[in-house]
Amino acid sequence: MTQERASEEKPYRRLETQALLQQIAFRHGLEAMEASENGSLAWVTSGFPVEIPIAMNLGVVYPEQAGAIIGAQKIGPAVSGYAEDLGYSQELCSYARVSIGSTEKPDEVPMGSLPTPQILLAGNNICGTVLKWYDAISEMTGAPVFLLDTPPIEKQQLPHNQEYVRHGVERLIEFIGSNFNRTLEEDRLREVAELSSRATKLWIRALEACKNKPSPLNCADRFLTMAPVVSSRGTEHCVEFYESLVAEVEERAKQGIGAIRDEKIRLLWDNIPPWHTLRFFNILASRGVVFPADTYTHAWTGNMVGTDTPSIIDEVVETYSKVYLNMGLDAKVDKMCQLIDDYDLDGFVMFSVRSCKRYSLGQLVSKEIVTERTGVPGVIIEGDMVDSRVYNAAQIETRVDALLEMLM
Amino acid sequence: MNYEGVIEQSSVGLKELVESGEEIIGYIYPHVPLELFMAHGFTPSLVRALPGTSSGFEESLQTFACSYIRNLYSQRANGQLLPLAGLLFPGNTCDALQNLGDIWRVRFPDDRVFRLTYPVTRYSQDESTTKFLAEELRILSETIANTFNRPFLTESYDRAIELVQDFHASAQFLYSARVVNPKIIPYSEVVRLIRTFLTAPTISSVSNIKDTAARVRVTSEDLGLVDMIETVRLAITSGDYSGVKLPEDLETPRVVIAGGMVEPQAIATLINDIPDISDSAIVLDLLSFGFKTAFTEAPSKSSDPYLAMAQSVLTAPGEPTHEGLSYRMKAMKDLLSNLSIQGLMVCEQSFCDPDQFEAPSIERAASELGVKTVRVPLDPELSDRGRIETRIQTFLDTLE
Amino acid sequence: MDMGVGIDVGSTTTKGVLLDSSGNILARSLMTTGASAIQAVEKTLRNISSSSNIDLNDIPVISTGYGRARVELAEKSMTEITCHSVGVHHINPDIRLLIDVGGQDAKAIRIGPSGRPEDFELNDKCSAGTGRFLEVMARVLEVSLDDLGPLALQSKTPSSISSTCTVFAESEVIGHIGAGESAADIAAGVHVSMVSKISALSKRVGVQEPVCATGGVALNPAFRHHLSNQLGVELWIPEDPQLTGALGAAVIALEKKGKKN
């Protein structure tokens, strides 16, 4: 009883579904290990059309997610140090650094080092860094790299861009085929695409439930529950997880239960979170601040249409080229303004991530435009997603306080 | 002359051109089809980082933007750029330049900003990359024609090609001659000539480098080195070094400079300023504005100029933004071992993703050959000059 | 007897050594560099000359350190990396890894069997891992720089300072002070953080024993303690850890003289 009361007093509410997450993560880890032992494990970037390797029966893991796990354990600086000892600069992407560091010394990183890959699949729709990162891993492990090149697009995808990316997808199928001596079955791809699309649609439903007041999910909830849609989309258990999540979230919304107990201010979060300090969101929760939307988890809302399209390949080409990070500053600003409108937000916090250039360079400009267009104020705080050595909590607190004073 | 002076001198020609009414289109990434702009009646000019630029970027870029793009932005914000008819940004080459293009459009809405998006080149060249780039070039050409009402003139294109071909032939000869005998012409002189051409690819800048190459050729003939130089040039362009035979009495140490968009003249000045050391230790650079520019094949006259230009651009020796690290490392190792190199200076601009990611691989590859390496962290302002000089001087000492 | 002079013009101090061909140090000098490197050099030469009673005319001089170009009468200037390496080798030829930490600089140098550097790493322009870092933190803790090390050694539970960046670490330290942590614990945390940067440099060139530490910071006992801990090796410290650069320069000056004769 006493315990329950203590949790009752916390400023935020824990999701029931989070228990399921651990099961999924555990299962996913076992499957990856097995795939690696069987010689068919792919490391995949978050924006990669994972439906294809899954349909070709490869196991997949996501080093970016492993980076988040390393960050959350607060061992980022140590693991990053192993990569820095090899000569990788502290100025490089911290996901890449901890990935290289944990590949160099897997025994030092029991949670967060990934099983040995047999193939490295990179998509540059999220950034150009992934290619260089995977090249480094390839040097260490001997696994070949495949890059699906999706040249950035402005406003619309022109035919030559589309054709080029389609050729890339065809090369990908060939590449996996020749490396693992297998072919892609059309039926299987449809099945995987269908599952992926269902999981994504459920995820969008969970996100959109946050339009309710109070918001049934806070930032940290979404960062944690996004894991399966990033790492397991295209599988049955992923769909099942999001069915549970949506049920819980929609029930919360129906009953007017918020993610935090006393919602006063609704803010937008921009960029990857500081995995080492997710506490940041809970501290703000105690002051009545909730984040009903963020640009990061909304990046995984690309919706594959499953069985009713003539060509799944065309669908893949379009979906993965039009990730908003691949469409420039305007697309990102539009996304932020739209989220602020749709979720009725009072302001925004932009996390300037020192080691993520693609996501962060441009924030000084977009901050001004977003405020101009929506009329709501914002603040930029600086730090890093994994490398807590460059995260200055005192400075961040002052800046966020200043924003809240403007709003209260 | 100090570095600032050296850099200033090379833009004098451009100032004169602007004053005489020539219209300039600036570009930032080295591998652009100069012929395209010239075919539309413009002078393409490489806009580069300047040493004397201190600040100005802060309103729009965080400090972790690479030092190169901070410098470019600051120049524009401080009004240091010459008046340009347009400015070409590259797409898909690196994240920082990609985002800079977007930021520039917002901050300087009156600038005419164009973008040429590159495919990520592969060592296993396939047609799709060439086709993609050719179409990008056609669209760019159309945009320029419509924006300025200046059509693509085949005559101008053909003339431009001759100029560009002359430049490449001369630059390749000078580079190859220095591999055989680094004292035949100072490194600083070769990179100055290349810089002058990239700043304004005019008849006069091309005849400068052409005349120099002719003079060096005469000297080489006297020394009986011309055949050797030609085998080196062929080896570098083909990657097959089996025909290369260097003189037996090569002076040591022989050093190569690796890196990306680091200014070759900055390195030359740094080395020449160290007492008792001259740039004859530098046999070759692998930099974007030096080697990679020189050893790109010039396009041919063709019925499909866009395809010809795309093919030419894609022959540029591997940038670290491209696919195929293992291929690039092999190419570099072949070069180091066949050209009798003892040391490798690995330059990296601060916060430059491509430079900093590739540096450890370069170090490993070199150490496999027993070639010593030193990391040289640089920014265009040479703000840490004392320490950089210490690094270079000690490194050269360790090679003796 | 042949003699050689070595002068090391560092960012904080200027050092001078007069050496004879039997390897004996005949005179030494250590003073703050101050605003004028040229004056510091003149004064150093006067010090050496008066304390040894030897006229330095015709004795070759080799200069090193950041102000090395300022020493006009030097035959040649060598980098402090080479000079420290040669100097340490002169005293203890077994040393394979040399860690030199000065006011603005931190270097890890792998010394070859001949006494010359085989590989080396320097800090970049950021002052993390240098004497400057300790200086700033001592000021924040309101203790003298000399007392910082002994204070840190009193701690059993060093505070966690995650930033290696001087500016960030400064605000972290202020936070710890605010949270009521003891000055000793914070001082120890400062050393741990600073040493982590140095051990990273050392690992880049390879930690081969025996290991030697030189430079002004090598006089700090907490620095030695934590460095020895993090690298897992015993450290050998020469008697005058600040003088090895000048000593190396003097050795080189003698070598030059030998070659000429």
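Letters are used for the chains, namely A, B and C, taken in the order the chains are written, and counting of residues starts over at 1 for each.
Criterion: contacts are C-beta pairs under 8 Å (C-beta built on N, C-alpha and C of every residue); 3 or more make two chains touch, one makes a residue touch a chain.
If you're wondering where the values come from, they're calculated on a predicted model, not measured in any experiment.
Of all chain pairs, the one joined by the greatest number of contacting C-beta pairs is A-B.
Centrality by C-alpha centroid: the chain sitting nearest the overall protein C-alpha mean is B.
For the pair subunit B and subunit C, the distance between C-alpha centroids works out to 39 Å. Note: centroid distance subunit A to subunit C, computed from Cα atoms, is 46 Å.
Our note on geometry: subunit A versus subunit B, Cα centroid distance of 37 Å, whole angstroms. Across the assembly, subunit B contributes residues 350, 375 that each touch 2 or more other chains. With touch defined as above, residues shared between interfaces to two or more other chains in subunit A number as follows: 87.
Against subunit A, in their complex, subunit C makes its touches with residues 162-165, 168, 171-172, 174-175, 196, 200, 203-204. Within the complex formed with subunit A, the subunit B residues making contact are 59-62, 64-66, 91-96, 98-100, 102-103, 105-107, 115, 117-120, 126, 128-129, 131-132, 135-136, 139, 320-321, 323, 325-326, 348, 350-351, 353-354, 356-361, 363-364, 375.
By the touch criterion stated above, subunit B contacts subunit C in their complex at residues 275-276, 350, 372, 375, 377, 383-384, 386-387, 390-391, 393-394, 397-398.
Within the complex formed with subunit B, the residues of subunit C that make contact are 66, 69, 76-82, 105, 116-122, 124-125. Remark: subunit A residues 86-89, 91-93, 96, 124, 127-129, 131-133, 135-136, 138-139, 145, 147, 149, 151-152, 154, 158, 160-161, 163-164, 167-168, 171, 328-330, 352, 354-355, 357-358, 360-365, 369, 382 touch subunit B in the complex.
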